[in-house]
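These are the structures in question, set out in turn.
Shared between the two complexes below is subunit A, which has subunit B as its partner in the first and subunit C in the second.
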Partner chain A sequence: MTRKIVRINMSNQKATYEDVPKKWAKWGGRGMTSAIVFEEIPPTCHPLGPNNKVVIAPGWVTGTPAAPSSGRTSFGGKSPLTGTIKESNAGGLSGQKIAKLGLAAIILEGTPAKDQWYYLVITKDGVEFKDASDLMGKGMYEIDEILWKDYPKTAVIGIGQAGEMKLSNAGISVNDPENKPGRYAGRGGLGAVLGARGIKAIVIDDAGGPGVDIANKELFEKGRKNLTEAIQEHALTKKDGGLNAYGTDVLMNIVNEAGGLPTRNFSAGQFEGAAKISGEAIAEVVEKRDGKGMTGHGCHPGCIIQCSNIYPDESGEALVSCLEYETAWALGANCGIDNLDIIARMTRECNDLGLDTIEAGNSIAIAMEGGLLEFGDAEGALKLFNEIRNKTPMGRILGQGVEATAKAFGVHRVPTVKGQSMPAYEPRAIKGIGVTYATSTMGADHTSGYTIAPEIAGVSGKLDPLTDEGKADLSLAFQASTAFIDSSGYCLFIAFPILDIQTGFEGMVDTVAGVMGIDLTGDDAIALGKEVLKMERLFNERAGFTKEDDRLPEFMRYEKLPPHDVVWSMTDEELDKVFAWVHED
Partner chain B sequence: MGARRLAEMQVEVTVFATLRKYLPDLPVGGSKYIKVDPGATPADLIQILGLPADEVKIVIRNHVITELDEIVEDGDRIAFAPAIAGG
Partner chain C sequence: MPSITINISLYGDIAKHAGGHHVAQTEIMLDGDPTIGDLQDKLGISAEEKGYVFKNAILCDVPGFDAAREESLCEGDHVGIFSIQHMWPYQYRDGVRMSDALARALNEKGAMHNIYKATEE
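Presenting the complex of A and B:
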């Protein structure tokens, strides 16, 4: 079975199936979405206009039996938040089902007549275009429930009210095994681009699908075994290890201790309430309330790390999944809020309305700095989500993200790069991640080059977070390997065991080679990652971005960050080295 | 008797994540003070606290990531963590 691409034209509601052309045959996941975006989307187009597209692709090994933690789905397009290329990937049910339908990519293009909204049903027999009138104005919790009545056990991709309003902070939701929204391709506003296509939701039903071919089963099996062993052995990813027992919010106390936790709109590196919103605190709430809450939850079938959780409300009922580090930080520490229950409620609002939690929390923090409410006003912050739900002008400003909110409130401490706000690591205190924020093709993004591993976590070596030396090379190495992992369909968290355990890395590469039927070594992996980065970088250049856009915000150069009292000191020349090879190789 | 006792020092210690089970009395975010002899290192503290050395991956001294053999000083705050990372 050769993999197919389905091209869905929303202007005339027609779907056509194509064999994957040779030029894209080697790609999966992020490599596939970026290759298609690079080739098919005019870099200077308006992100909400008719020439933008949304490309969806499962990774290379996604949908194969028992490749561990490999169910990721990549979403690509031109970002309304940044104006750059965007790949945002999510867990949840969609990746495996798309792959099992034999699809390497779904391309969504064109625009229907004004005010026409559809939901799509993709099965082995083709694509149905359904009138979405009854779904409009509804949040993702309701959408998932309604659609599972007619299409039980399917993957549901969708947008909340934020995507309907085409807000720059609208994400794309994917349902989890319990059919709850919360697995988000959150960053960069691709929910608005889906909205601009007139698509409210996409149902993926893989029943009777052809499944995923494995070209070299023996190699795949060998690799799968080695990778699985590495994940099960590493202290971070094994059962009852840090991620499984506490989720990603295990980072809260440690990053805070190291003075790198952005607090109250990036004005300090430590938050006195950090422990109260930490992974340890979440685990305690789950245990005490002894109900539907849990840690060690998997966001899709087949994840063996299971870093996700279900946070229970006061009566023990499931309130939201998942409360992760970035979210607890953005809606917590960065807003001066230490009330975990209210943070969980705000997270549920984000998941329902279809907002990226990082950008949402940062926008509220900016509004706090601008005087709309006090830092630490948890109830006030929670109420702000009604503004978005009610589509008020205030809600629309906040939903546009940090830069729009900062302009509306006259704030100059604006922690963004290329229009996207920074996540939960202070670049003045952790320099390598600052290089990633500055130079990433995605705008400020930690996942695109997670130097935290050696700078804080002691994974893959140990480097002083407070020094500049060597950080440009470090960031590039992480950005390249990440682009490869993002193409594979594996969750990025397999990076930790495979960086430390060589057989795990080889195993991961073998599974990819086994599925694709190609020869692949570790060096090829980095080269492929760089190829992806190059396409993304060139797209951005053609969209008008220059090296002057690879900079951190000005205030970080002159405002000293406590407790280390450090500023951002990396030279521009160092930063420019990171991508110099794009025009040299 | 008669020999001058070496001055005792006091340091604040805390543990995170999976290390918490070895100091079960500490609440989340809590710390405790212990007395140590001058010249003590984080490796010594690990012994005193009864933490399994192979599970300690990160040592943070006064908010700076440090090594096991660095000498601690009176009034220091030392935090111990296992392997952690995430997103």
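Presenting the complex of A and C:
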């Protein structure tokens, strides 16, 4: 069975199915979304205008039987937050169901008549366009419940009120196995681009679908077995390992101890309340309340790492899933807030309204610095989400993200690159991540630079951590390897076992090669990743971005960050090395 | 020999060595001219259960190494010790300030890898 692309035109509500053209046949996930965006979207188009598109693609191995932790869905388009190309991926139910329908990509294009909103139902029989009037103005918790009444056990992709308002911080929600919204393609405002297509939600029903072809089943099975064993054996990804026990918020105390935890709008590197909002604290709350909360929760079927959690309210009922490190940091430490219950409620607001939690927390921190609230005012911060829900001018400013909020409040300490605010690692204290923030094709992004290959990690013992030498090459290798993983459909957290266990790395590569029917070695992973980066970089150049945009904000060069009292010292020349190869190859 | 007070935070399973469950934050008195090794011994934290170790926001040890034992301690120092199960991806620690002893150990022994053998083995 040949993989198909379904092209959905919202101008005339027509859907057409196409064979995947040869030029895109080798891509999945991020590689597929970036290849289509690169070729089909005018780089200078307005992100909310009629010429932008949303491209959705499952990864190479997504939807295959029992490939572990491989349920990611990539969403691509031109970002209203950054003006760059954007790929943002999420867990949840959508990736596997899209893949099982035999679809390599969904392309959403065109614009319906003014004020016309639809939800789409995609099944093995085609695409239905449904009037979404009854869904408008509703948050994602209600949307997911309503749609499961008519379409039980389906994947629901959707936007909250933020996407309806086309706010630059609107994300795209995917429901989880409990049909809750918490799996977000959050970064970059692609929810606004979906809103600009007049789409409130997309239901994916894979019943009776053809499934995913595996070209070399023997190779795939060998790889699947090796990768599964590596994940189950590794200290961080096995059952009761670090991720399973504490989730991604296991990083809170570590980064704080290192002096690299951005605090009170990036004015300090340590937060006195870090332990109260950490993964360890979440585990204690879950145990103490002894209700429906849990750690070790899976965000999609087939995940064997299970780093998600369900945070319980005071009575033990499920309040929100998932409380991630970046979320607890953005809405916590960076706002000077150490109240985990309030942070959980703010997270629920983000999941309901359809907001990226990183950008939302950073925007509140900027407003606090601008005098709207005191740092640490947890109740005040929680109430700000009503401004967005009620569509007030204040809510619209906050929902546009950090740069818009900073302009509105006259704040000059603006922690953004290419319009996107930084995640939870302070680049003045953790310099390596600063190179990736500065040069990523996506704006400041912590998931742009994971390391997967042992030969890359081998430099960690050789490099002098106190010098800047070699960090450009390292960042490029990390960004390329991440682009490969993002194309595979695997969760980035398989990076740990494949880094430390050689058979795990080979297993990951073999599963991809087995599905695609191609010869693939570990060395090819970096080369394929660089191909993806090149498309993305060229798109950005054609949109008007230059190497001068690959810079961290000015204040980081002159404001010393306590406790280490360091500034950002990487030279522009070193940063420019990261993508110097793009026009040489 | 006068004693000094050290502020400590223990994270993960090892919190039990200072009366905690997942986190223990307290102060401890040590005699003489103590080191982080003396602190670990007094708390009863074995090399096998220890992961990352920090002194005053400086990374002094990582999983699988034993580079912090000789690190001296002074009145009012803060020491944070993590259990072996705590993760810290390389890209999120590349360039952090570390002790001279740890830098030497990494240069001699090569990259840090998380221990991945099952604990019961």
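Keep in mind that, in the parts below, the second predicted complex is superposed on the first by the 567 of 585 C-alpha atoms of A that agree within 3 Å, B and C clash if a C-alpha of one lies under 4 Å from a C-alpha of the other, contacts with A are read in each partner's own complex, and residues count from 1 in each chain.
Basically, a contact is a pair of C-beta atoms (placed from the backbone, for glycine too) under 8 Å apart; a residue touches a chain by one contact, two chains touch by 3 or more.
A quick note: this is a predicted structure, and the numbers were derived from the prediction, not measured.
In the overlay built on the shared chain, the residue A:A333 is in contact with neither subunit B nor subunit C. By the touch criterion stated above, A:E324 is placed in contact with subunit B alone, subunit C being left untouched.
In the superposition on chain A, contact of A:C299 is made with neither subunit B nor subunit C.
Using the contact criterion defined above for the overlaid structures, shared-chain residue A:G247 touches subunit B, although it does not reach subunit C. Contacts of A:G449 after superposition on the shared chain: subunit C is touched, whereas subunit B is not.
In the superposed model, A:A281 lies in contact with both subunit B and subunit C. Taking subunit A as the reference, the larger set of touched residues comes from C, when subunit B and subunit C are compared.
With both structures placed on the common chain, the touch criterion links A:E233 to subunit C but leaves subunit B unconnected.
Common to the subunit B-facing and subunit C-facing surfaces of subunit A are residues 234-236, 240-243, 245-246, 250-251, 253-254, 257-259, 270, 275, 278, 280-281, 284, 446, 450, 457-459, 462, 464-466, 496, 563-564.
On the side of subunit B, the complex with subunit A involves touching residues 14, 16-18, 20, 28-30, 55, 57-58, 60, 63-65, 79, 81-87. Interface residues of subunit A, counted against subunit C in their complex, comprise 230, 233-236, 238, 240-243, 245-246, 250-251, 253-255, 257-260, 269-270, 275, 278, 280-281, 283-284, 287, 425, 429-434, 436, 446, 449-451, 457-466, 471, 474, 478, 495-497, 499-501, 563-564, 566. Of all residues in subunit A, only 234-236, 240-243, 245-251, 253-254, 257-259, 270, 274-276, 278-281, 284, 307, 324-326, 446-447, 450, 452-453, 456-459, 462, 464-466, 492-493, 496, 563-564 touch subunit B in the complex they form. Across the complex, subunit A is touched by residues 9, 11-12, 15, 21-23, 25, 52, 54, 56-57, 59, 80, 82, 84-98, 103, 106-107, 109-118 of subunit C.
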